[in-house]
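Note that subunit A is present in both complexes that follow, paired respectively with subunit B and with subunit C.
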Partner chain A sequence: MSRIKPLWWVLIIACVALFPMTLGGMSPYRCGILVLAGIYVILAVSLDLLMGYTGQISVGHAAFFAIGAYVSGILTTSHGAAPLPAMIAGMVLAAAVAWIVGRPLLKLKEYYLAMATLALNVVVVTLIVGLQRLTGGASGLKDIPSFSLLGIGFDNQVRYYYVVWSAVALVVLISLTVVRSPFGRTLLAIHSDETAARTFGIDCARYKVRVYVLSAVFASLAGSLFAHYMNFLAPDDFGVDTSINILVMLFLGGIGTVFGPVLGALFMKILHEVTYGFQDYEMFINGAVLILVLLFMPKGLYGVVSAIGRRLSARRSP
Partner chain B sequence: MTGEKGNILEAPGIEGEASPSDAPVLQVADVTKDFEGVRALDGVGLTVRKGQIKALIGPNGAGKTTLLNVINGLLKPDKGRVLFKDHDLVTMRADKIGLLGLSRTFQLIRLFSVNNATILDNVMIGAHKKLQPTITGSLLFRGRMKRIEKTVRDKAYEALRLVGLEDAASNQPGALSFGNQRLVELARSLMAEPELLLLDEPASGLNDSEVEGLMGLLAAIQKRGITILLVEHNMKLVMSVSDDVVVINFGRRLAEGTPSQVSNDPQVIQAYLGADRIASWVRP
Partner chain C sequence: MAGADTSQFLQFLFSGLTAGSIYALIAVSLVIVYKVSLLICFAQGEFFVIGALTMVTLVSKGVPMPLAFPIAVVVTAALGAVAERVLIRPLRNSGVGTLIVMTVAISLTLRGSAMLIWGKESHVLPPFSSSHPIGILGATLQAQVLWIVGITCVVLAAIWLFFEKTALGIAVRACAENPLGASLMGISTGKATLFSWAWGSAIGALAGCAVSPLLFMQYTSGVMPMVKGFIAMSIGGLASIAGAVVAGYLLGIAEAYAIGLVSSQFSDSLVFTILILVLLLRPNGLFGGAKRRDV
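Up next, the complex of A and B:
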């Protein structure tokens, strides 16, 4: 587990905080890209807790993304709730769903777990389409208000950028604290060898469910942030392809590192914007970049970044 | 969750030098286990008394590891009873058994290796019983967690010092020889502060001088009052450290007694080892 020195922390936080004034040029478009990227960063980091640290695959993480988004969307439109309580309600529901389905689901392993989590994703999307009066069904949920807190509206992209990236900072901080604590070491034991872990008194099922719940809560937070940014939700945003995108970001960035998925999500979202202009070739270019990265950087982008970091510090101190 | 000081080897409730007493720590009775028609254990029974080193020997495939797996709950027997102190282990989950004061090492090394886990990480995981960390605990009670963590880390270094691997603490276990990996497993199992330690072939992969070291180590562990049930093929080790030996073959108990009784047992000699081999077990 790598530790980033305080100076690096200050630098990273300064870059994130100053982005809108510098590279962002106070442009709603550029800040908007980073808002979406931030939302995906939260998703990828939350999945890393489950996959990278606990070794449990999920091909249906968008299910919890959907729960957060729709709870926020429904409560703030037809029930007139404020965004923050609606967001918390989403997290509570996501936690409850994860806790209930987690116990039987996480008994499964590998391919079977992959299929079951994928099925969960399909069930949630089917429910969204089916519960038309509640969710707007296939035609979507319209007119979701922008985020506001204590009477302050965050209706422009530059302001909302700070909301989303504060949430990113919180999620990264909590994740790092958890994985670097004795709890994280327990997860490492479960990931490595459940049989050996059990003989030391580790209740693997219970620990897996705990991580699943935390991961679902984070994904739900990302969903709420997404709802207030898009102001419109459609079931298509939460399908299995979204779950797979999150997985790709995770592997691209470097699994089991927390920082890796941050890089992976940023890279994918920015690549998407850069190649958008190529229209028909966009998918081709995205695919090619992914294949190249996965072939030549098995530890992901974070592996490359940390290798460069190690080389630089080795040069400085002979 | 107390952070008491003291030696890693001090089992709870045991002070000073312990000698084998009559109180049974572990009683296995009439345990039968079938694997798809193959009878791995066939009504086997044994008793381990407090403070002793008991060796469980037998030819390959006799059911020794299966029996250890039944004792610590990784396998459920089809029939029979396993009593540890006052607990019936047959009905308990493996992780619950792990909290009772019973820990083990594995024949095929099972060290934790993902995410660059170090040897120190491995040994510290052995103390799960003490930490039992939660998410809220790691976020909200960091001060208390850190204090317990520190005592656990100190004990982990102590355990590694005992097996002679303190300097390797921050390396990854894969960098060690198989023999040393077994010693890491031993250190890890001691972290659980066991009353009963199950060791599955701790000497395999060790050279002669390392086996000598292991003998000293086992004697030191016994001296602190920890009872040991040992599965082992190295007869030199078995005959010199154990107080009691039980021989099993085809899932059945063949003989039980002191090393010299067992090595003179005609059934053992005839049915399983041959007189020549037995003569070489007993040191002059």
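Up next, the complex of A and C:
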């Protein structure tokens, strides 16, 4: 994909920045939806680095989401830590777990990798339920303070919206830099043919672990943001279903592009809000969306959008 | 556990046998699909649940049990065949990653539909025969456990006979060994794949029906059996039916003792740690030989 023109960048950033004042109408409810959507955007983009660029399937990304959320939650409630240091602690722990687990785990391929990542997710959730004294167990972790930085509280949705979307911007920026760097091209090489990459002298295992750590750190960041927004955590928020929902967003948006997962996460989150009255249908809708995308729209929403864009510019240029 | 006497150990063995039968059957259903199409279907657990819940509904509508059982199995088999034909076949030339995600999507859709049809509550089936538990050395054995183990044995025998003795079974095996060679001999690999899906989901449903008098079935009940069936399958070496059966029973029994003697809270963590260890140490399974991979 070619680079997006500077004008588009300005436009996108302006839309995001002006949303609360215009469409959001300073409405806490609408900003709240977009806070959650932003958190899922981070998750989907981080999973894409692993799956879309490096070709390593993961059905357990919510494990790192959980680590970030619970480290933030535990440190700020029972240890009186400030949100930012707690968030950083979460990212460090997520990175450490990803680094330790990553090397052996990413040796696996295809089904084995899918199942092992799923197993990792289940292990994390059972540990959360089991370590009741630390995590509140199945009944959840209560009274997590809202986000604050340098004495400024971000306890209302509109303010927190800016925190979350700044984080989204940061994650998107880092991801774009990463995928366009030599490191990113190495990841693509591993994706298309690991054996060939190895014959060119690429230490595949090392690169895979690095991208795994990076995507775990992003997921952990999303978890911390989630904890301070919900003020309450329960193990159910981090199960395999959550991991699968992230997969749905990723494929819907368009795997292997940075902007695709952004679109996918926004679309799914808003769709769920619009169809809130039919909450029982959520699982069915998710599955059906994923099936339809796989069958008829393999490049996802981003593919459709960029095809329209190409057609428009082709009409203009000659 | 000083008080853990023979009766208690026997009790754990019985619950291990029950769980082991489920894991073995689901592992076998996964192996059958895998043998023919080199695909592992993440929706296998949903076939297990849908089979069971269909039977619950039929029985509650007054259909006699000996009739409800085969109907539920056939309905689920048809569902599996349709899924293969409509959703998997169009993707057969895409990468493994896409296929995995497609089976995840099928699983999600089926689970979502099961919730819409049967709600979020649990359902239970009356036992197949009079429910007087049998006492053996102080432990109690539910009659249903005998049914489950019996059905498992019959199914396994039938599978063995099919693959070893019938022309159709040999043809299906040929597709697994060498799809191109098989198709040159006039065997339709497409039909064989369809057939294996139908059969795989039928066995899943069978396991679900057999166990539903003991388990409270709910739309999410298929997730863990599926994962544990997969664990058994990978311990057994992916393509080996015998390996899958042995591993399924070992896993069920190990888990029952872990729950009984250690803790029920962490038993899942234990099982998954076993999975990760097996995957790392013996990637071809405890019973599978080393496999060469062509570049």
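Annotations for the structure displayed:
By definition in this document, the second predicted complex is superposed on the first by the 300 of 318 C-alpha atoms of A that agree within 3 Å, B and C clash if a C-alpha of one lies under 4 Å from a C-alpha of the other, contacts with A are read in each partner's own complex, and residues count from 1 in each chain.
What we mean here is this: a residue touches a chain if its C-beta (ideal position, glycine included) is under 8 Å from a C-beta of that chain, and two chains touch if they have at least 3 such contacts.
Everything numeric here is computed off the predicted structure, so don't read it as measured data.
In the superposition on chain A, A:Ile291 makes contact with subunit C only, not with subunit B. In the superposition on chain A, contact of A:Phe183 is made with subunit B only, not with subunit C. Of the two partner chains, neither subunit B nor subunit C is touched by A:Ala227.
Legend: residue contacts after superposition of the two complexes on their common chain; A:Val35 is shown touching neither subunit B nor subunit C.
Of the two partner chains, both subunit B and subunit C are touched by A:Thr195.
Contacts of A:Gly55 after superposition on the shared chain: both subunit B and subunit C are touched.
Of the two partners subunit B and subunit C, more residues of subunit A are touched by C.
In the superposition on chain A, A:Val71 contacts neither subunit B nor subunit C. In the superposition on chain A, A:Ala167 makes contact with neither subunit B nor subunit C.
Counting contacts by the rule stated earlier, residues 55, 195 of subunit A appear in both its interface with subunit B and its interface with subunit C. If you check the complex, the residues on subunit A that touch subunit C are 51, 55, 57, 59, 104-105, 107-108, 110-112, 114-116, 118-120, 122-123, 126-127, 129-130, 195, 240, 244, 247-248, 251, 280-288, 290-291, 294-295, 298. The part of subunit A that touches subunit B in the complex is made up of residues 1, 52-53, 55, 174, 177-178, 181-186, 188-189, 191-193, 195-204, 210, 214, 256. On subunit B, the positions that touch subunit A within their shared complex are 72-74, 93-99, 103-104, 106, 110-117, 121, 124-126, 128-129, 131-135, 137-139, 142, 145, 148-149, 152, 188, 192. Of all the residues in subunit C, the ones that touch subunit A in their complex are 40, 42, 87, 90-91, 94, 96-98, 100-102, 104-113, 115-116, 223, 227, 230-231, 234, 263, 265-266, 268-269, 272-273, 275-276, 279-280, 283, 295.
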